[in-house]
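Labels for the chains are A, B, C and D, by order of writing; each one numbers its residues from 1.
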Amino acid sequence: MSWILIAMLAVPLLGAAALLLPRFAGRVPRGYGLAVSGATLALAVVAAVGFDYGHAARMQFETDVSWIPGLALRFHLGVDGISLPLVVLTAVLTFLCFVHLAGRPPSRPRALVFTLLVLETGMIGTFLALDLLLFFVFFEVVLVPMYFVIAIWGGPGRRAAAVKFILYTLLGSAVLLLGVLVVWSQAGTLDMVALARGSGIARSAQIVAFLAIGAGLAVKAPMWPLHTWLPDAHTEAPTVGSVLLAGVLLKMGTYGFARIAIPILPEGAAALAPWLGAFAVIGIIYGSLACLAQRDLKRMIAYSSVGHMGFVLLGFATLTPVGVNAALFGNVAHGLITGLLFFVAGAVKDRYGTADMARLGGGMLGRLPYIGSLLTFACVASLGLPGLAGFWGEMLALFGAFRPAAELSRPLFLTFMVVGGLGTVLTAAYFLRMLSRVTHGRPAASEGPPGGLGDVTAYELAAWVPLVVLTVLFGLWPKALLAITTPAVQAMLPGVGT
Amino acid sequence: MHVVYPVIVSALLFSIGVYGVLARRNAILVLMSVELMLNAVNLNLVVFDIWLRDQLHGGQVLTLFVIVIAAAEVGLGLAIVLSVFRNRRTIDIDRLRDLAERDLTSPGPADPTGSGPIVSTAFGPTGPAPGSTDRSEAG
Amino acid sequence: MIQSIDYVAIAAPLILALVAGAVLLLDAFLPRRTPGVLGLVTLAGVVAAFGVVVAQAVGGGERRTFCVPASLGGGGCSFVVDGFTLVLSGLLLGAGAVVVLLSMGELADRRIPAGEWYFLLLCALAGAVLLPAARDLATLVVALEVVSLPVFALTALKRYDGRASEAALKLFLVSVVSTAIMLFGISLLYGLTGTLYLERLSAALSSTAPGASGAVSVAVVLVLAGFAFKVAAVPFHFWAGDVYQGAPVPVAALLSVVSKAAGFAGLILILTTGLPGQAAVWGPVVAVVAALTMTAGNVLALRQRAALRLLAWSSVAQSGYILAPLAVIGGRAVSASVAYLVIYAAMNLGAFAVVMLVSRTAPRNELDDYRGLASQRPGTAVALGFFLVCLAGLPPGLAGLFAKVVVFREIVAGGLGWLAVVMAVNTVIGLYYYIAWTAQLFTPGPAGVSRTRSVPVMVAVGVAVLVTLAFCVAPQLVLSASG
Amino acid sequence: MIVLAVLAILLPFAGAAAGLLGSRIPRRRTPVCTARRRAAWFAVLPVAISAVAAVWLAAWQAISGETGAAGTLADIETGSVPISVGLQVGELSALTGVLVTVVALAVQVYSVGYMRDEPRYPSYSSFISLFTSAMLLVVYAGDLIVLYVGWEIMGLCSYLLIGHWWEDRANSRAAVKAFLVTRLGDVGFLFGIFTLGLSAGSFRIDDVLAADLPKGTLVAATLLLLAGVAGKSAQVPLHTWLPDAMAGPTPISALIHAATMVAAGIFVVARLYPAFLAAQPTLDVLGVLAAVGMLGAALAALAQDDLKRVLAYSTISQLALMAAALAAGSEHAAIFHLVTHGAFKALLFLCAGVVIHHAGSNLMSHMGGLRTPLPVTFWAMTIGFAALAGLPPASGFFSKDAVIAAIERSHGPAQLFLYGCALVTVGVTGAYSARAWLRTFFGSRRVGAPSHAGDHGHGRPAVPRSMLWPVVLLAVPALLLGFAGVRELDWESAAISVVIALLGAGVVYALWRSSPEQDPARMLGPFRVPCERAFYLDAVYDRLVVRPVLRLARGVVRADDRVVDGAVRGSGRAAVGLSGLLRLAQNGNAQLYVTGLLAGVLLIAVGVVVLG
């Protein structure tokens, strides 16, 4: 069954390549992107079904072919408990993006479908790659398409935001490459599975490598001081761009921690975990405070991502199975919820013509009841209400911080936990303040839904309902996800039993 | 005679050549100073060849090559100076500034998107989005 | 007694020289109206030489000729054809072929005398192919001059173009001065060691008196000057911007690839074959020069508005990246430099070819002329975008990415951490102007402009795209060859 | 048996889902009234069935006398302490379950009438069903995390229901405040659960109670749990949200802010009582907080003009009383008072709803002499106030007496202070209940006042039947429940408390008799305004917490834009500046190039010789 992973990469790539044919020069059939991403989603579901949950810690559907012997780069793909949820999440989000696009065909559809399909290949590839260099290549394949999505279909200040996005992320991935090369020069191999079993790298080299790889990944999953590209990118990106940027691209950074930084460089991780935890917690508070004072809706959601990713990074910083579980769960939950948030924010921006909360006025529940209630649902899910997916990631992260790994200082992580707890209150504060400013209050004088568009359209509903259902499903039944990641995480962190 | 004397002379000759290249504005005089530098090299080579009593006479062979190279260079140099003179009526090197760096070789049409050189948008003083500075909450 | 000459070894430069002569004669006898034929003859000559090189590569083994007879003490050979030489000869001839194609496009409008152009071009290529095989300082100097002088002439060949002659004069001046400096260095080196053969140089140097170490260092630095000029490393980079803009586009391509590759060949020969013992001297120097070169090149390219100037500074920056692995002590990293050089050659020539195409319709060659190229000429725009992304080292330009990864690996393995960080930052600065230019291509621009078709240049673009794509999919070809 | 508990929880949840999604299918064509009728059925029927199930469970529990039905659906492996999704119905849970379902049924039926012409009735009724299922989840939870899930969903439902009339920004702000204050408490609650769970090795409640935990952990855990309890049951430090929560519709105040949610805190303490008993310092803290809370709230209730805010502060005071009972060590007294308080306070709120519905305004100054137009409501509210004041034979008398007796018998460092406060509170309670009773039903009729925007009273005289029937339903337990729960009556303390209550009522009656028009609260004199403003706690919190956080937020945005982002933009501009600098050297003069070249070579040569 190992062909399935190659197929998952090949389908979007060939779909994109086919678009270059002259046959599509005139007009791209509306369902084209939908069909290709639908096929990829089908493959992802087949892989999920065919996955042997009994041995979630083992790599399955592996393909290991040598690509460039000179660089010791092997085309090594595989999926296990850690990467499977993220692959399926990517396929789902991309498919929903195309459903959303079917509802509102964009300008230059052919180029956009091409860019999104290449983006999907890069994203899925990153989660499947098991060779450090291959991971790096896919990690960078995503940059150019996302740059063009922001630079061509973005908002007014799109060009500057796109340039800042690609330069900042490239600096991150260049530093990541240095880290990978340090690991390579010390351990002699690039195979993540072998390295995870025991890299035998000296402690000082591990610290340097973890610093480099950690910095590269921290830029992508915006850790506090390296996050300033995110708000600009999100404010200017089109709805589809924002959803994929927040839904998947941020996860590539945090997934890197789970797959590369922690298993391969345990001593490096132990040495730098307090710093990672400190920056993560600062990120939570900083993101929440920044959201409290934001005026633009999409910019506020971007800063909220900084906050949520703070929880995920805190989960990683604890170096305990429950912490890493929390981080992986938080990844998937954040992808679903923030994806929904950006979809709704995009719909609001389409209808009101602006995302500035002051100019949105109030009373959205009066004028657009369905969009208003979906926005409320998304905000409630995002602030971590138990019973919805957002809660388990944060709660388990705090629980992990309650008792971190043996070599980490307990009082320090207790303070992180307390500050994280306050962060959840601040998160609730800014979301509810936004809701009361935007959805509550008396609707403005002009009656009827603004922007000519009615309340939610059928396509939008089709794009959003799966996210709502998944959020509720993972909220009420977290075992669905935790059962997959726990064995893999347990295998990764053998040291700590409970 | 100790080998250091001719080496010193050659070094001095080389320095004079360098001075000539830097100080003179006329292209032909610069060419002459370059010749001077090359001849300093020849002197050096011949002296070392004799001093080392090299059976293969590597130094002298190389001197011959250098002389040929110098001749070729002068020939070509003068041809280039000639064409410069025909096109620009002057062979003062520091007046040939047509290829200097300037922002826009010709005042192109004002860039409709107001981006000007691409640089100003991304890193210009105005910052990425005009509204970004008053982003703080008013109420 | 007559020295035996292995004609098979010197076949490649010999063929080029003969074809050069033939072209000059043909130009004299053929009627004025057929410049195309000369182009085809030149192309045939280059391809033939390339065939010979490939044959030698397949044949394998090392061929040495022009050696000092045992009776006179034996030791050095002046002309050696080994793996290194073959790779570089192949690269130079491939690049030469593309430059010839570009020249056909340039000469189509008859303002430049075709005969002289192709003759000079072939001479330069002959010198370039000779250089990697040279194993003694005299041959090196001669080969270097044979590469340089024709290029000055080529630059000045546009008789009535003031800028071309100004560029030629600048190129000439700076080149002659650096050659003089190099010769002075060589003379000192000869004085210190008593030999001109590279193999015997290092043995001789290690046995010199310790007092003379200062002189040895100075001599080494001066010798490197000549090649640093060809490669446009930092103190010698000032001429790049002006000359690339002034010269005709094929000559700029020639400068940026052929003469740069020749420069690197000479540099590598001297550093690894001639002065391995002095690695402690030139290692740090090359590292610092590499760092300065890449930074200066990238930073200067940041605010460029003219396409050729931007490519000039970009090629300066790229030569910084190629120089970096040479700084690794022990010369293990030479294969990385060669690999990067080969991939760089393919990418850069492609970019120049497209610039050549666009410059036919927009002589000013501003970046704004490329705005909206994707709507007028989709194929060319995608090609240029692909080359720029390759130069930036970002997927989908996988070739550039793998080249950079190879260089990064050697630097990190060689322990030059700071240089790796500088290079990482430089990749980011470099990406800025590459992506800005690529964005120009795809932003909606003015309506369709008249399309002047030029077959040879289109062929050149096609060849460059194919070669770069091959390197994207299977960079193993380059790595194993240069390994 | 556990299936019944699961049924009791899932039915309202299903009702909520059906109400929210199903009431308007297909979207455009169903007229509002059929949607309302369908939503009403989705709301009332499930609660009724789950009420029956709860009663059946309580009955089975009483008869069989087993330790309690328990069942675990699944164990969620989290990587360290597993979460067991399971329910456990003990004697306490069964009793509280009955209270919750009965009051919820009453409120649902009452709301059908109360919200007759409210367009958003379907969402309102489904949120009440969701609340009911969340409360039952808390009551029947067998695992601390499952309890926490129900706990937080209750908080959300209270936010949604307080902010039901979101057109008015004040309601929306009140809802946000309610959610944030309880959320702050819940964070402490979660940390308490972590402490317990980790040291006991499992989150199951009976494992936690069975494991003998070290004293330090126990005290820390219970204190943290106390934070959550204070937040949810509106105890002193985190009580400021309850009076503002009155902005919601009256049935909501009856259900959530009187009977069930606010009682959840007390229920959890009772549920984990063995742990609390072992941590004596926590009980002392609870006692002191309760003492301060009951007295402060009672005084504040005395000075309120808005009828619902009187009842809100009264709830805070009564909850403090229950907390005092727990602090005194008698779990039975606290639960007994909790049940009776749930009944009569819900009754009082529903009657207040009818009164406000009739008078068109919340303020008692706009009411008076409503005895004649609303006889049934008058008698029901009289029973309610009697129970509140603790006058026999109402249920409040017996439960409050049990509490007072428990406090008297208890022995702890602050016992005397607690007992004193309790007695004073009894007096003040008697005073404010009498005041409210007199000003609402006696004196001259001041009807015709402007309709108060806050509560959608429509001034229609006719009180729909469906509003009266639940009032009567609740009046019965308010009256008779006392007899059911009393164990042994401590006549001596009962007599003292009745006398003090009558004394308080008498003083107010005398003042009212002297001038029926004026507000008897004038007796508070200079303390009237602080009492009315609840000792300015709200203003203090606003200045100490809310304003600085907003200022900090603005500072963060400025810093982010100027410092962090500035650094990034600055580096970009530095690169561009350097580029400008280097371009100066490219002025086209070949001589300058050669000079640069030679200088470079010289520099390198000297550098190599010197450093080499």
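Some points to look at:
Here is the rule we go by: a contact is a pair of C-beta atoms (placed from the backbone, for glycine too) under 8 Å apart; a residue touches a chain by one contact, two chains touch by 3 or more.
Bear in mind that the values here come from a model prediction, so they are computed numbers and not experimental data.
The greater number of contacting C-beta pairs, out of the two interfaces B-D and B-C, is seen for B-C. Chain-level centrality, scored on Cα centres against the all-protein Cα centre, points to A.
Work out the mean CA point of chain B and of chain D, and you get 83 Å between them.
Between the CA-based centres of chain A and chain B the separation comes to 53 Å, rounded to the whole angstrom. Work out the mean CA point of chain B and of chain C, and you get 19 Å between them.
If each chain is reduced to the centroid of its CA atoms, chain C and chain D end up 78 Å from each other. Residue numbers of chain A whose C-beta contacts span two or more other chains: 159, 163-164, 167, 292-294. Multi-chain contact residues, meaning those touching two or more other chains, occur in chain C at positions 169-170, 173, 177, 241-242, 302-303, 432, 436, 439, 443. Residue numbers of chain D whose C-beta contacts span two or more other chains: 550, 553-554, 557, 565, 572, 575-576, 583, 586, 588, 590, 592, 594, 598.
If you check the complex, the residues on chain D that touch chain B are 550, 553-554, 557-558, 561, 565, 569, 572-573, 575-576, 583, 586-592, 594-595, 598. For chain C in complex with chain D, the touching residues are 169-170, 173-174, 177-178, 181, 213-214, 217-218, 220-222, 225, 229, 234-236, 238-239, 241-242, 280-281, 284-285, 289, 296, 299-300, 302-303, 429, 432. Considering their complex, residues 18, 21-22, 25, 93-94, 96-101, 119, 122-125, 127-128, 132-133, 135-137 of chain B touch chain D. Contact residues on chain B toward chain C in their complex (touch as defined above): 3, 7, 10, 14, 17, 21, 27, 30, 34, 37-38, 40-41, 44-45, 47-49, 51-52, 54-56, 58-59, 61-62, 65-66, 69, 72-73, 76-77, 79-81, 83-84, 86-88, 93, 96, 98-101, 103-106, 108, 111, 113, 117-119, 122. Those residues of chain A that touch chain C in the shared complex are 68-71, 73, 111, 118, 122, 133, 136-138, 140-141, 143-144, 147-148, 151-152, 159, 162-163, 166-167, 170-171, 174-175, 177-178, 181-182, 184-185.
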